[in-house]
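Here subunit A shows up in two complexes: once beside subunit B, once beside subunit C.
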Partner chain A sequence: MKMFDAPRVFAFRNGSPQLSDVAVWLIGMFVVFLWAMPFIWMVSTSFKLPEHVLTEDIEWLPRVWTLENYRKVFEYPVLRWGLNSIIQATVSTGLCVFFGAMAGYALARMRFPGNGLLFALFIASLMIPAEVTVVPLLLAIIKVGWASTYQALILPTVANVFSVYIFRQFFLTFPRELEEAARMDGAGPFRIFWLVALPLARAPAIAATVIIFTLNWNNFLWPLLVTFDESMKTLPVGVAQFAPVVGTHTQLEGFSVSMAAVTVLSIPSLVLFFFLQKYFIQGISQGSVKS
Partner chain B sequence: MAEARQIDMPDHVSARLNMGETVRIDRIGYAFVAFFTIPFLLFNIMPVLFGGYIAFTEWSIIGAPQWVGLDNFREALHDEWVINAFKNVLFYGLIIVPGVSICGLLAALFVNQRWPLSSIARTFFFAPYVVSATVIGLIWVWLLDTQYGLINHYLSYLGISHIKWLTSTEWSLVGVSIASIWWDTGLAFILFLAALQDIPKDLIEAARVDGANKVQRLFFIILPLMRPVISMVVTLQLISTLRIFSQVYVMTNGGPAGSSASPIHYIYQAAIVRNTFGYASAVAIILFILIVLITVLLRLVVRERA
Partner chain C sequence: MANLELIGVEKNYAGTRVIHGIDLEVEHGEFVVFVGPSGCGKSTALRMICGLETLSKGDIRIGGKSMRNISPSKRGTAMVFQSYALYPHMSVAENMAFSMRMEGIPKAERRKKVAEVARILQLDELLDRKPKELSGGQRQRVAIGRAIVRKPEVFLFDEPLSNLDAELRVQMRMELARLHKEIDATMIYVTHDQVEAMTLADKIVVLRAGRIEQVGTPLELYENPCNVFVAGFIGTPSMNFLDGVLDGGKVRIPALGNLEIPAEINSKSSGDVVVGFRPHHVSVTEDTQASLSLDLTEQLGGVTYSHLVAATGERIIVETRENTVGTPGGNVAIAIELGKAMFFDPVSQERLR
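Let's look at the complex of A and B:
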């Protein structure tokens, strides 16, 4: 893909650069640095001693490096919140990608009455903002006694239409011969899907997985609403208590501890993004441009 | 040609093209779609219908629902906090939507030059988009701190005295908007970048040969070609801004004095703090109607001008 050609570092494209280009480049790279600055400041603050945080002059590096803030963060049930987040995000993403692959495959490859209608319903549902469904869903979940449970965190997030969409687009261009060959060998539809179609759908599977995992990992409103027990909170909702306006006991900890907490929280999504950037970007531009 | 077509089309379409062949129906298809469709109907569709019902009732967690007709809607339209929240969200839209679109466009134009280090630039411009609202909110609460924050520190060099970004009624909405622009620009940037790379190179080259300078090429060729994606980004961003919640919750919790509260923040409070579920649903439906109206209006405006 052209977007990911490595640019020739330290060489302008058309021979010798113009002075104006160099100036624009310098300004641009300065803005890039500004854009990264909040992250740098977050990490730097998280390693400072609390008494070195509120300074009149900006100190980019800690005077003394300390892990004390991280230790304090883990005095809160951060490990438990992390575990909840991992369970919620992996189970929900796994089900969503697998069910989405099955549905996308059927919608693209099989003829049955209602096929087109179902797909239209999926796409139309994208118009409904989650916030309209959230209040009645919460009421229903409370009524059936599921508040603060894993099923309440997981099940409502499983049916993400993006997954169906990305697999359907992929399977529309899937060569028919492969399926035919398997059918000749006597394979049933499930075997064909499992052994022929799915192994070849690596690209959409990875794209759907990283994007939906990130959405689940970062999901805020629903876990905030449905978890009343401290021990059932997810990481973003739990860590939000380090914000001065949200937490009552946590706000005494100050900025060095809250920056340590958000550093911990942001690492999984940033690491995932740095290594699988290409899939993120491809998936997102494909998903939105075409719908 | 016929063969190529067969590959590109869904079976139910190509079935009609091959008139000779008998139409086979894959009943097994229902089993394949069922796994996704059941949670979809239960958790995505049913709540919409259920919500449409409870908006007409008075219902808290205990007790049975009481049918109250349009009372919730009537009350909401006269509730000064609801009106305040909707007014705020329009200001959020006026700041965040142009902010994100312009930052995203400039960033995409810059990265698309493929100058040295542009892949690093791409990573950095997109990175904030992948972290959660909690991360965005807490970082910016610290950056925008009145006394010791980085932003006020550097603004003081420009002779701007300490601004109470998040703790004054005049600035809280702006403070939250700045953080939101930093968070959301990544998506606009990636969509613009993808569109820029789809512009045929020879078109730009032809304009260059005809003597168009860079600015002319930008305004007369590149931007007009990007119109569809610009209108898409504006629409997507507007919808997502009308639904602004998490960063508001983390950074100001709607305050001070409701000056940064958004409709979803109000809905959250009505449901969770006051347990008035029927009323919360009614406000959610009003928001939904507003979103649909604005989207349709925007579509019409774009089509009119095209």
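Let's look at the complex of A and C:
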């Protein structure tokens, strides 16, 4: 069984390659190479001996393959951090997608005063940098005694404008007659949303899940601030300890060990993306290309 | 007591009145068809009956009870939508049982009722399928089944056959007529297709611009239209209209070379009138001296439609059994069957009797 449909590289007009097709392909491959290069170097370095990392020329393959870097990474409570990350990222993503779907549905399908204004405010909030809100948020979390808890990691991240936006765009194109049929069948607004609209919103749900999960998984600043306890750290915060620091032992061995740590960190997001990439692209293009 | 009553029903959208005080009574078991051109308010009227649109003024009563503040699901109405509006993620059985699920009816009872209705509609084999796995006609039947399981007082159909191809439409039309007999329910049916209206209806309601033009049985409307609009709307091809001059019990028609036909009109003794006659109430003969020229002919096999142009520029359609009535571009003469012409007032458009 094919896991996903690979896009066709060439869709030749008249059945044979045109010069412009080749040009597009070349430019595309160049961009792919630019994006993939650091990733390939990261994975390759994670298997190198520390002394083989900083070489005069870039070496794409290790001279000697070693798992030593990974062993060093796992001397730390990496699995516990991983568990924390999984709990934080999945719960937060689940809630974020659920609330995003509800808000998006309400903004797209329900008539109430201030609907347009509310959506404009949602979008405007994207312009407020996280750094502005992070200090008052942290003070509030400490005040309610939630420091180094899962609530502190999760709750401030469950509202996400992107999730609201992607669902709103989808529900704008949702057929009105389906809602009316459900109304005639005796369903109220919540049951129409829950039983009719939401089950049909698979594409935006998957797109939002992949994007928000990746954001949550990679979230560094907020978990760093609210986790004072080593056992409550998430992977990105824990892995940051492996970053090479000038003048310490990590300076020399740091690159290879930290690359091993970052490779471990990136696996879940990659797996999720590869499995869901078809829906991811569908969800992003929804609303913009649907006639 | 009437099963459904519309009493002075009005609808305004942002200050624009789209329904102008409709009064209508529908008896139990009647098949009533709302017919009219696009934008005449027929779908709006239907949506007001089932509660998907609010009333701006007036009242709707079902079984004698006012529906003003009753939610759509509690009115005892069920709607079959133009697009069928089947829930794509649910099976046929789940689609049909959805309203019972909302009511909290136990699963076993739901299954039993769905099976019963599926039998009537020959959907037994399809109960586990999803809507996308069904043909247009099957989807239509599921939509009707979903309406039937609710055992409504009044069935509402919003142009239910317009998405089907011509052959299937004829077949579904017959099935609907059969179903109406079988379940003996009141049905309100909206269409812009007057063939559907003529074949299905016990009573046709002709609407134009938010007003009822005429209510009657299909043949009443066909044979006895009350104004130019109804006369022109009911019947295919539509009625021919020519200008005429009434004088002393006769109407002179300039388009037909000042042909004079007898006219029994009590409400008017002289002046301009509009003469209307059906395309098949005319006979055609080739006549090189005549003032009508044959523009084109449409041969449908059984009948031929001849499009004629008068010297006055007025156009006439003639329906004949013969394959040819003349050569295109040639001249022809026509005769209107005695007593078949109707007369209308050119200003008020009302029928003159």
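We take it that the second predicted complex is superposed on the first by the 211 of 291 C-alpha atoms of A that agree within 3 Å, B and C clash if a C-alpha of one lies under 4 Å from a C-alpha of the other, contacts with A are read in each partner's own complex, and residues count from 1 in each chain.
Everything that follows uses one rule, which is that a residue touches a chain if its C-beta (ideal position, glycine included) is under 8 Å from a C-beta of that chain, and two chains touch if they have at least 3 such contacts.
Not measured: the values here are computed from a predicted model.
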First (subunit B), second (subunit C), both or neither touched by A:Trp217: first
Partner chain in contact with A:Leu67 - subunit B first, subunit C second, else both or neither: neither
Partner chain in contact with A:Thr55 - subunit B first, subunit C second, else both or neither: first
Most subunit A residues touched (candidates subunit B, subunit C): B
Which of subunit B and subunit C A:Pro175 touches, first, second, both or neither: both
Subunit B versus subunit C as contact partner of A:Gly186, first or second or both or neither: second
First, second, both or neither for A:Ala120, with subunit B first and subunit C second: neither
Partner chain in contact with A:Pro236 - subunit B first, subunit C second, else both or neither: first
Partner chain in contact with A:Met102 - subunit B first, subunit C second, else both or neither: first
Subunit A residues contacted in one complex by subunit B, in the other by subunit C: 175
Footprint of subunit C on subunit A - complex, ascending: 175, 177-178, 180-187, 191, 196, 199-200
Touching residues on subunit C, where the partner in the complex is subunit A: 50, 52, 72-74, 77-79, 81-83, 85-89, 98-99, 102-103, 146, 150
Footprint of subunit B on subunit A - complex, ascending: 2-3, 5-13, 21, 24-25, 28-29, 31-32, 35-39, 41-42, 45, 53-58, 98-100, 102-103, 105-113, 115-116, 118, 122, 125, 127-140, 142-143, 155-156, 158-159, 161, 163-164, 172-176, 189-190, 193, 214, 217-218, 220-221, 224-225, 236-237, 239-240, 242-246, 255, 258-259, 261-262, 265-266, 269-270, 272-274, 277, 280-281, 284-285, 288-289
Residues on subunit B engaged by subunit A in the complex (per definition of touch): 6-12, 15, 23-30, 32-33, 35-37, 39-40, 42-45, 47-48, 50-51, 54, 59, 61, 107, 110, 113-121, 123-128, 130-135, 137-143, 145, 147-148, 150, 153-154, 182, 187, 190-191, 193-195, 197, 229, 232, 236, 239, 243, 245-246, 249-253, 255, 264, 267-268, 271-272, 277, 280-281, 284-285, 287-288, 291-292, 295
